[in-house]
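Every chain is named by a letter (A, B, C and D) in the order it is written, and numbering of its residues begins at 1.
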Amino acid sequence: MDKPFAITLDVGSSLVNKTGSWRTERPVYLDLMPPCNDACPAGENIQQWLYQAEDGGYEQAWRQIMLDNPLPAVMGRICYHPCQTACNRGQLDEAVGIHSVERFLGDEAIKRGWTVTVDIPASGQHVLVVGSGPCGLAAAYHLRRLGHEVTVVDAQEQLGGMMRYGIPRYRLPREVLDAEIARIVGMGVHVRTDTRVDDLATTMSEGGFDAAFLAVGAQVGRHTEIPAGDSARIIDALTLLQQASGDGEGPQLGQRVVVYGGGNTAMDAARTARRLGATEAIVVYRRTRDRMPAQPEEVDEALAEGVRMRWLSTIAAAEGQRLTIERMELDGNGFPQPTGEFEELDADTVVLALGQEVALDLLDGLPDVDVSHGVVAVDDNRMTGHAGVFAGGDMTVGDRTATTAIGHGKSAARRIDAWLRGSGSPGGARPALAAYERLNGWYYSDAPATVQHELTTARRVSTFDEVTAGLDEETALFEARRCLSCGNCFGCDNCYGVCPDNAVLKLGPTEYAVDLVHCKGCGLCAEECPCGAIEMVPETT
Amino acid sequence: MPLALFAEGEADDGRSLMYEVRLHGRGGQGAVTAAELLSVAAFDGGGWAQAFPSFGSERTGAPVAAFCRMDDRPIRLREPVLNPNALLILDATLLHLDGVFAGLRPDGIVLINSARQPDELGLGDLTGRHPDVTVTTLDASAIARRHLGRPLPNGVMLGGFAALSDTVSIEGVLQALRERFRGSTGESNACAAQEAYDTVRLTREATVDA
Amino acid sequence: MPEQLEGSVAVARTVARCRPQVVCAYPITPQTHIVEGLSVLVREGSLAPCEFVNVESEFAALSVAIGASATGARTYTATASQGLLYMAEALYNASGLGLPIVMTVANRAIGAPINIWNDHSDSMSQRDCGWLQLFAEDNQQAVDLHVQAFRIAEELSVPVMVCMDGFVLTHAYEQVELPTQEQVDAFVPLYQPRQVLDPQAPITIGAMVGPEAFTEVRYLAHETQLRALEVIPRIGAEYAEVTGRPGGALVSAYNMTDADIVVVAMGSVLGTLKDTVDELAADGTQVGVVGITTYRPFPAAAVRAALADAARVVVLERAISPGVGGPLTADVRGALAGLSTEIVTVVAGLGGRAITRPSLRAMLLEAGRGALDLLTFLDLDLPQIQRAQLTGAGR
Amino acid sequence: MTTDVKFYQVGSFAVGNRLLSRDLRTVQSEETRANALTCGHRACRGCGEALGARYALDTAIEATKGKLVVVNATGCLEVFTTPYPESAWQVPWLHSLFGNAAAVATGVASALRAQGREDIRVVAQGGDGGTVDIGFACLSGMFERNDDVLYICYDNEGYMNTGVQRSAATPPAARTATTPAVGPEPGNRFGQGKDVPAIAMAHRIPYVATATVADLHDLEAKVRRAMELRGARYLHVLVPCPLGWATESDETIKIARLATQTGLFPVFAAENGDVVDVTPIRHHVPVDPYLEAQGRYAHLFAPSRRADVIARIQAEADRNIVRYDLLGRRGGT
């Protein structure tokens, strides 16, 4: 029947009223740079793979990691996780355990035998990779995925570089390392171990290589002049760790071992000494704890295993089993200065862990590759002075960590690929950072961080078994779901729900659009978006 | 019942100099206050003025209009302003709203709060239809932000209008602002209006010379 | 000294100078600015002693006013439209008890359909509730009528409505000269209630009156209304002396000399009518304007006198009695009983529709040609009506 | 009222959650929600009442499988949704008058019962003015008769349609146009106002509950529970008003949340006059941040800070915390 004039209206007849004309600003959906992604030296899209892990998509999440980092199980153990330092959740309650979830995914991949395929047709170009540490392996992996033929050469008899010979098994079990290396090699990477490259130029021309990537790392322990009598037993930290890396017994160091140095290698040397029977492992370091290059958690774990520290001390002389230690004091700008006070310290062995240097002899044939401060100089395409010769990892400028090395390997591979194919250099603009202030913390459930269990101290000190356990699936899932998904929509429907004008449309489970015909620009969607993925942008006047 | 119970009045023959202004803004931007202050400024200047809002229930953000009528004799008229002599547009996002320029007199003047030049506002069809309509822009929001800390353009626009029409003086506008907003707000509104006045005078002289 | 003020603010300040002791406030557009203005004056102490009571409805507003007035306090309130009707029972109660309450009615249409804009259907619907009804043409008159209303109410002991057009006057900023406190104090003496609740002299107010005396009560009320026709002009004249401004008249007239048509109207439309009439005079058509200031009691004699020479009268209505026509026309027709004057009704500006000079000109010219029907709706949207009739939606 | 949710990132705090099963999400998260109040209405930017109305009615429609009739008192909600020729409603809707929505709703319910169509349920709704002031007599009448009506009051603590005047729901010290911030006791007076949920409970009607637009899950659960019951039910929803409270248009939900987390607006449910469920405060905060964010309390902070008045408001919050055990110290219900 017809409605009375004017006093009775049809349902929803207000749609013709374009309240959009009220707007002075409009909501825009963004994909901001989550702080964890921004901080990850390997350039992983952490927010994205956590998002996939959250609903149990572990394989999908693992494949997302593998787009950037071919060694998730290794990284899940030895990376110093700067992502967690940057994690916004740290300001809400506690940072998300990204590290432990990455390890879970890496282990899951090994357990389930997930593999990665090469989908780009062969380019017909062959790249030489010198060094099979994290940097060389990452480069090899990415170059293979980009369709190039790759040969990895390493002086050692096994691949892995510092991961195998510099990091003890209790931090990185060999079966995990071997599994992830095998997966890379399984992609058709040619391998030549026990092969030292002395003359890169000839090696390249003879092998018909179209480009070379140098990733020899910094394997040479730095020495210092300790006036030492002949009987004193001094050993280099890398040599100790290398000898102890096999399954066999490892060197005899005696009861009292002094480790000279304050970096991660010094910590590993001291902890390895404890495992080789040393009842006393003392780290002598010339400055104070807060200035140690070692990662704080490495120092904590060493202390937990009974390693003792002598700050502000240097070794002035070593005579037989007697060391002369000089006390130091820090001057105005934090540099240690001798005090002239001396003490005696008994030691069966002294382990030198004073940093490592790069062996650069392979560059002799390439005069145009210049070196400064003991590392190879590269341009922003990671290319050295010599065309076609690229470099990365500890042998170039940058943090000397495995993750940074992987980051160099990935970016080098992409630039080598671009160089070989003559296409422009990859990489777009970085989106703005998703800062904590943008987030609306109310919507996240209260959830304390989960804890990774550790072996009891007794067992830790007596074996090389892995100290830190991984997370079981349920805990890993819980931890992944603590992610705030900073600056990236995760489909919580808040915008769709809180719009007073019903002007946000839900196109799909995690897909929304603004109906600009009706949106008044009140800003409620932006304010109530838990992860700050919506911004109000002024209308153009 | 004596006849003298009602007062006798005569018809008035002279033509009045009525000048009508329509202000466009959004609910909460002070368009109605601006119309009222314009009428106070005209009254202080010795004339008669009448201001009234577009009677309705406009909400915060909704487009709203307000009117001010000025004359040299008492105003009795109670009809809406149908053919304004001047338009003050407090929010440039209203420009493409239909009806904003409705009924504008052919020789009308338009002052728009915008950081851009008049020809950059896509008003081709308006100036096309009415060649001698003068359009001036003034970044009132920026001036207001500098003086008041908030982009409240209403007082600033009145300063600009005083430079475009002699129906109201800048002194009248400043006095009206100081009376309405006591203390520092009044003072900063007045300074903002003065800056707007000087700015528009400059642009007007510039266009006149060009 | 004249000021440029909003109508509501001018009324609020003037009412405050009349020193009401109880003000009842309930919000309803378009009168609310008046009670808001009074709330500030009370709160900052410039109107004291005065109890400003925020009540929960218009029925409560007038109920509180009745209680206060019956206790001898000068009492004021303001309302509009639906609110006036929500207090209807109390309107008759107040007039029945002869309580001299003064109330502003900001004229606004009555729903359904709900409408917040200006017309006279609210006060028209209560034209026989026993309150006096004064209609202001502009804010100056509104201010002046409020002062006189207190004098008139308290002298006659009868409640008075001062009606002013909602939005058109209440929200219009224009030049107004407020009577000073001294002028008001001189003009409006202390309130001497006719009857008051006082333990010192207890009385029963509002007894139940049966058939034996009810008619007499109504006769006396009728007589009081008629006496108002004499009191209002007298008080108006006295007000003119005190302030130098014209006081409240029963009716006003404009451009009457040799006008062959006269239009009768109430409220703010009179201003637009006068401008229209000036234009017509310039083109040689003489139209007179009669404004009704006092609508209740209806000044029949004054209207008859004013329209005596008019051959043709157009009554401009701002309200409609469905199925009948214009309420004001009925009163005017009564006043001209026996004369051969041709009277037509034009209903205009219902629910806030603008009444413009072009429409009035066309209508008055048509009236001049004697071509107007008995009842016309000005600016009626005929196509809309035909569409509604076609679909039977016209009910 | 939250079920034991295995930890899911935003759990049941957000409107939806792709990790949660459908039934643990809200009606508002569904693509098929009724949108009882749709686009094009003329509410101010960031209007809490527009949000509260859609939240409540969409759930009521789902709970009654679309068989719902709504009676609406005069007020903002009625004005900004039905300006001829545009209506934003998608339900059968009748505008009563300002003070009689409850009675008109009783009429609708009685007619439905007479026609044997009691499967169709009735909602009466209005603002605080139309409910606690002018419509209070009719409301009490409807309660007393226990008519089968769910009355929803959208409380924005003042008459906002007419330009922010005081109502009996206006909180103490708040500035309105009829309680200006001038004189010795600026803003609304202490010791006045009505606690309507408590008065409703005194009628011992089957269900009384309070809710806010900041907790959608709680609001929907209460509407659903109300629809399970017959007889008179009352839902009192806090809906902040950017215009009246002088807050930013994007802070409406944050302000409602602060109202609950300070204890100033207790969130609970009662059946037959007895409290059966209280929503505990999650992050307790003092009243200061709540007051400071609202221009209607600006006079408590400038020109000088009125610690005395703020303390009295804090006392009101603390009283509610004790009375409804909002911090769950008494082991909670």
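As a working rule, a residue touches a chain if its C-beta (ideal position, glycine included) is under 8 Å from a C-beta of that chain, and two chains touch if they have at least 3 such contacts.
Not measured: the values here are computed from a predicted model.
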item: Higher-contact pair (C-beta pairs counted), C-D versus B-C; value: B-C
item: Chain whose Cα mean lies nearest the overall Cα mean; value: D
item: Chain C and chain D, separation of their C-alpha mean positions in angstrom; value: 40
item: Averaged-CA centre spacing for the pair chain C and chain B, given as whole angstrom; value: 33
item: Inter-centroid spacing, chain B versus chain A (mean Cα positions, whole Å); value: 63
item: Distance from chain D to chain A - Cα centre to Cα centre, in angstrom; value: 51
item: Numbers and ranges of chain D residues touching at least 2 other chains; value: 42-43, 45, 47, 79, 84, 161, 242, 249
item: Two or more partner chains touched - positions in chain C; value: 29, 112-113, 116
item: Residues of chain B engaged with two or more neighbouring chains; value: 57, 61-62
item: Topology of the chain contact graph, where touching chains are joined (line, ring, star, complete, other); value: complete
item: Touch list for chain C against partner chain A, complex; value: 112-113, 384, 388, 391-395
item: Residue numbers on chain B that touch chain A, as the complex places them; value: 26, 61-63, 91-94, 97, 113-116
item: Touching residues on chain A, where the partner in the complex is chain D; value: 6-7, 9-19, 22, 54-55, 442-445, 447, 478, 481-483, 485, 490-494, 496-498, 500-503, 506, 509-510, 515, 517-518, 520-524, 526-528, 530, 536
item: Touching residues (chain side chain D, partner chain C) in the complex; value: 74, 78-79, 84, 95, 97-99, 129, 132-134, 136, 159, 161-163, 165-168, 177-180, 182-183
item: Contact footprint of chain B on chain D as seen in their complex; value: 42-45, 47, 79-80, 83, 161, 242-243, 249
